[in-house]
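Note that chain A is present in both complexes that follow, paired respectively with chain B and with chain C.
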Partner chain A sequence: MPARLRRFDGWRRLCAALLVYLGALALFSVVVALKGGNPFSVWSTMVRSTVLAGPTLQETLLRAVPIALAALAVAVPARAGLVNVGGEGQLIVGAVAATGAGVAIGASVPGPVSWLVMAVAGAGAGAAWAGLAGLLRTALGANEAVTTLLLNFVANDIMLYLIYQLWKDPKGSGQPESRPLVHAAQLPRLWGSQLNIAVLVTVAVAAAMWWLLRHTGWGFALRVVGGNPEAARRSGLPVRRLLLSSMLVGGALAGLGGMLNFAGLELRLRPDITLSFGYIAFLASWLGRHQPVKVVGAALLFSAIALSGNGLQLTDGLDGSIVDVLLALIVAAPLVLTKRRRGAFL
Partner chain B sequence: MPVTSMPVTSPPVQTGTDTAAAVTDALLWVDGVTKRFGSLVANHRVSFHVHAGEVHALLGENGAGKSTLVKVLYGVHRADEGRVVLDGVAAHVSSPARARDLGLGMVFQDLRLVPALTVWENIALHAGRAGRLLRPRRIQAEIAEVADRWGLAVDPAARVADLSIGERQRVELLKVLMSGARVLILDEPTSVLTPAEVDALFDVVGRLRADGVGIVIITHKMREVRTIADRVTVLRGGQVVVADRLAADISDEDLVTAMVGTTVEAIGNTHAGGGAGRPLLQVRGLHVRGAGEGSGLRGIDLGVGAGEIVGVAGVAGNGQRELADVAVGAARPDAGAVLVDGETMPANDPAAFRRAGVCSVLADPLREFVVPGLTVAEHAALWSSAGTGRIHFDVAAAAGRVADAAAWAGLSIAAPDRRLDQLSGGNIQRVLLTLALGERSPVLVVSYPTRGLDVLTAETTRRLLLDARGRGQAVLLVSEDLDELLAVSDRIAVLAHGRVAGIVDAAGADRRQLGRLMTGAPADGAPGDGAPDDGGVTGRRMTGRRVTGE
Partner chain C sequence: MNGVQQALIGGIEGGTAILLPALGELVGQRAGVVNLGTEGCMLAGALAAFAVAAVTGDTWLGVGAGLLAGAACGLFHAWLVVRRRADQLASGLVVWFAALGITSVFGTGYIGRTATPLATLSVPWLSHLPAVGPILFRHDALVYAGYVLVGAVWFVLFRTRVGLVLRAVGERPAVVAAAGGHPQLVQMTAVIVGAGIAGVGGAQLSVGYVGNWFNDMTNGYGFVAVAVVLFACWRPAGVLAGSYLFGVALAAASVLQAHGVAVNQYLLDALPYAITLVALVVVARRGGAKAPEALTAALTNGAA
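Our next item is the complex of A and B:
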């Protein structure tokens, strides 16, 4: 195809994408109107309550941290053709391991040391959790989409057991919570704002993953395995080791996300500490086509949408969960586009 | 999709002297059909005539526009210009169903039967007789009658999945004939048949011709033109270059030249003789359970010496696939071993085989070689990394190497930054050949090397194989093309039902002898000498294509 035609094609695609997303927004407006809200006021609330004001923008960024890292945990195995639905469970075990390490250490060591210990514990736990599914896949051929999904429930049950029983805060209000992380072990704030170092760590990790996937032999080999496992095998690539490594790295990222969310924002282990962000992250990775930079962008968008529910509840008297409709529409919109374009999902 | 960009100048059309008379009474007249796909012209003002009681061969290379043309005829594609005239009346063929109503029957290359259904169910489905009430007995009786009339012996109650390819083709023919076709289009009908099955098919075609059916047979095999065709039309680059010529009036050389556009010098096998060097590749007592429709291997012993080409012949699905896989370490045999240069190789370890110097032209490049999204250079880097034991890829260096190898081999390949999965089958094959042959490894396992290639590149490829032999490489050549095997092999091993039915010296071999071995008959067996039926010869379909211009 001549270059001129290809460019034209690109333009048409862009216009089609814009139309489809505008359609999704319009559809959401209709839903809002049906629920008795004013779409215009709802849109203004959503924008104001997430990105315009300083504090809310900061919360959007902070909540995007676990989403982005759990989304990268989906993206890395996806390069090798694996479907990791276990971001939620890997976030949880990361938070659990970080809690265990952080609360046990307390204030006995300087802050940086405890941050490091918690990070290693969280990432290690996440890697182990995803690695379990990876092993089941490479050794027994068990479908990793199923095993990672089921392990989410196991992880949640382990966490609930701990905070209802062993780790329950004796001085707490009777709520099932762990003891809080001592101040010295909490992640440091940035420039006196609500933001903490987790945001910078996430950016650095995403950049590192971009580089690893794009510029190393490992990243290339993952693409080969994901694109055509039979060709990879015949080229003598260690297919099983590559599959397993992608799950380990992915799990470590989500585990780190769980740790950062705990040590920077939540500070206590509590039920629903992840706000189900592990599942939203799965969608973010697909929306970003498993490319680190786009995935992080999608995570930010989803973080903002998820948080805007609070604003809607307060200002517009709508149920906060209405934003789930918008989330679904945003994720579904690209499917309309791919119908005509074979090959690329989303 | 055989889409060819339009040549700048039209080649001169050679027309038969009797064309003017032919127009009036033609059963089928294709009149100036043009079909474009975007900016590409697949057919440009194509015209030809088919008469009742005549076999008309439509010749052309891959991409010449034959398939597009018949799809236009059959109502799959709509022509942009031109018309189809049936019995002197312009026909509006808007869909395959309409084509069938008009009396146009089509037997596709990839037979369109439902394997899980029986023969009669398939036919009822096609002939539109699966209405509200199925009347199995009546349909079966009808089938038996038609089958008997045309000599198409087949059991109406048999499940299609249990039939051989030859039998399936008979069902397909029955299906078309029972829907009352007056014009029959056969798309490369012989590509997967044994020589005996080809004879049987041509026997049926002969009877149909005698009964006044007009037959269009698409092919690129000169032998078939000579055996069965009354009239020939040649397509090149989407245009007719030889129109409606009587087959008797045109020589093989002229036909090949018309198809290719230049004269092709067929290589002659030098058959160096003198015996092969030390055995570089040996398989011993190989047993592999067949996967899918394949027959597997049931005890194979074979050796290829340095400076020798051993051909492997057989009807598709008789163990060739399994043999090639085991010989490159891509499959684990149930019993037996592969030895490279005397060393027993670890089974199912492709990297070890590469380290030992075994390179392979893979049987199914799309499944086994092409990684979606990667460029030619990236594939080259992947290829070079195999066997190094390291996960390290130097794409820039590989791009240079593959370009050098292509220049050395005399194969023109796509630019290194092109995505391989977006190239045509022939272009993918050229990249694969460049990588595999450019390595100059001691052992080459080559499967269907010329599939999808144009005549010139196919000849270049065969020459490269002979060069490899000259350098002392050991070559195992799996092919379905007997002419190709005879042209380059020193010895030919014939596989039937997973066993070596015989190994013959290529220099003294003839097609009939090989054909007999392919059906599983003993090499020197008299006809009827306990030859097993070929019920087991159900092959995966291969689409081996080339022009045989002998």
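Our next item is the complex of A and C:
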């Protein structure tokens, strides 16, 4: 194709992408209008209630931590062609393990020790939960998309059992929740703000994943397996071990996300501690085309959207769940465009 | 009535809310399309059915609305997947999220309201059979629709030309196209019909089994339905067995509780999902080879 035509084609694609994304936003406005909200002012509410004020911007960043890590937990196995829909369950078991460890030792050891123990417990639990699905896939051929999904529900019920029975706070207000994490074991705040060290950990982990996937033999091997497993097998790559390792790493990331969310922000285990972040993360990883840097960007965007539900509820009197529709529409946009182009936000 | 009987009765009733969407999902998967949005189709069907039944007072009108709502979600998924060639699993979750948001926003007004539930119809003569009569033949009409639909889906898939073409599309769409067929049309139709049946499954939940509406009331049943189809190795009889297995596990949990078994409610709640998982894993080894070929490509990305 001559260069001039190709450029024209690029413009056409860009216009198509813009139209589709604007269409998605317009559709959301229609839903808002149907529900009696103002289809124009919702956008300013959403922006104001998530990024324009200091405290809410900090909360957006903090909420992005579990979303970003659970999204990376989708992205890493996706490189090897595996579909991990279990971010929700892996976040939960990570938070559960961190609660168990933190509440048990938090009062008796110095802070850094309990942070480390909680992180290891959370990441280990997440890795085990995802690794179970990985093992069922590599050893028995059970479809990992379905097993990870089912494991989410099992994890949630186990957590509820612990909260309502075994770990119920005897001094609590009657609310079903665990005992709080003692102050010494809570993650340290940054510069006197609401932000805590979890934000930095997330950035570091995302950078590490970028490097691992891009510049190491392991990352390359994962891409080969994801691209053409038969070729990978014939060239002597340990396909099963690679698949399993991608699930273990992914699960560990999500488990760590659950731990950071607990030890930095929530401080108690309670029902709905994950707020569907695991599923939102799956969509974020898709929006970011499973590339670490873009995935984190998508996680930030989705964290803001998820949080904006509160603002819409308070200011516009809309049901906060309405933002789920916007999340779905935003991810639907690149799916609509897939036939033409496979790119990040286009 | 003893506990076992109670569990079986409840299992048939609750299992129907899995059976219907799983049969719909079977039709779609045989045509080579997996729909994780089944969960969303059920939610949409459950709310539409409940809302229409509550407003008009006509429960069957509600079931029809559930069918249409499910089919509408299916149309969205089918368009993304078949026409735009989007990833099937991602598209399914998008459909689910959209339905989750829309139903919780538009369903708030129906929480706590009542609708006339589907009437229990005892089948003459059969319902008086010893043991099996009360278990199988004293239910609402959608439960019987489930019985009939298992046979109907089997007949259409394996004994008619339409079914042959549909299964061929699920294996090798290109061959069907070369033979003058329209694989995309077949897939679209299969997904939309399947999603419509899933919508009726949601209706069975809201106006049949549970009898009211609350947010996220499907609680993962749509995902279980997808799992059941894999467990069933894409056979209607297997779908029947898997669905009722889940239903019985679900009912057993509440029966055990009612009989004062001192096991935590939430651990019992996990049981049906765990059983589905184990059942799926047990059959996974021999099942994989029976998967429709076009579906395998969509589900596994070809990795080992």
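Simple rule for what comes next: the second predicted complex is superposed on the first by the 328 of 346 C-alpha atoms of A that agree within 3 Å, B and C clash if a C-alpha of one lies under 4 Å from a C-alpha of the other, contacts with A are read in each partner's own complex, and residues count from 1 in each chain.
We adopt the following convention: a residue touches a chain if its C-beta (ideal position, glycine included) is under 8 Å from a C-beta of that chain, and two chains touch if they have at least 3 such contacts.
Quick caveat, the model's predicted, so the values are computed rather than measured.
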Handout entry: Partners on chain A (chain B, chain C) - clash or fit
Key = fit
Exercise for the section: Go through the superposed model and pick first if A:218 touches only chain B, second if only chain C, both, or neither. Expected result: first
Fill in the blank from the handout: Of chain B and chain C, the partner touching more residues of chain A is C
Practice task
Scan A:85 for contacts with chain B and chain C and give back first, second, both or neither.
Solution key: second
Handout entry: Touched partner set for A:230, first chain B, second chain C, both or neither
Key = both
Practice task
Using the superposed model, measure off the angle between the directions from the CA centre of chain A to chain B and to chain C, in steps of 10°.
Solution key: 70
Problem - Partner chain in contact with A:332 - chain B first, chain C second, else both or neither - result: second
Practice task
Aligned on chain A, what is the least Cα gap between chain B and chain C? Give it in whole Å.
Solution key: 5
Practice task
Using the superposition described at the top, list the residues of chain A that contact chain B and also contact chain C.
Solution key: 228, 230, 233
Exercise for the section: Would you mind writing out the residues of chain A in touch with chain B in their complex? Expected result: 2, 5, 217-218, 220-221, 223-224, 227-228, 230-238, 343
Exercise for the section: Quick one: which bits of chain A touch chain C in the complex? Just the residue numbers, please. Expected result: 31, 35, 80-83, 85, 136, 138, 140-143, 145-147, 149-154, 157-158, 160-161, 164-165, 225-226, 228-230, 233, 239-240, 243, 279, 282-283, 286, 318-319, 321-329, 331-332, 335-339
Handout entry: Of chain C, residues touching chain A in the complex
Key = 36, 80, 83-87, 89-91, 93-98, 100-102, 104-106, 108, 215, 219-220, 223-224, 226-227, 230, 264-267, 269-270, 273-274, 276-277, 280-281, 284-285, 287-288, 299-304
Problem - Partner chain A, residues of chain B touching it in the complex - result: 39, 328, 330, 349-352, 354, 360, 362, 367-374, 378, 381-383, 385-387, 389-393
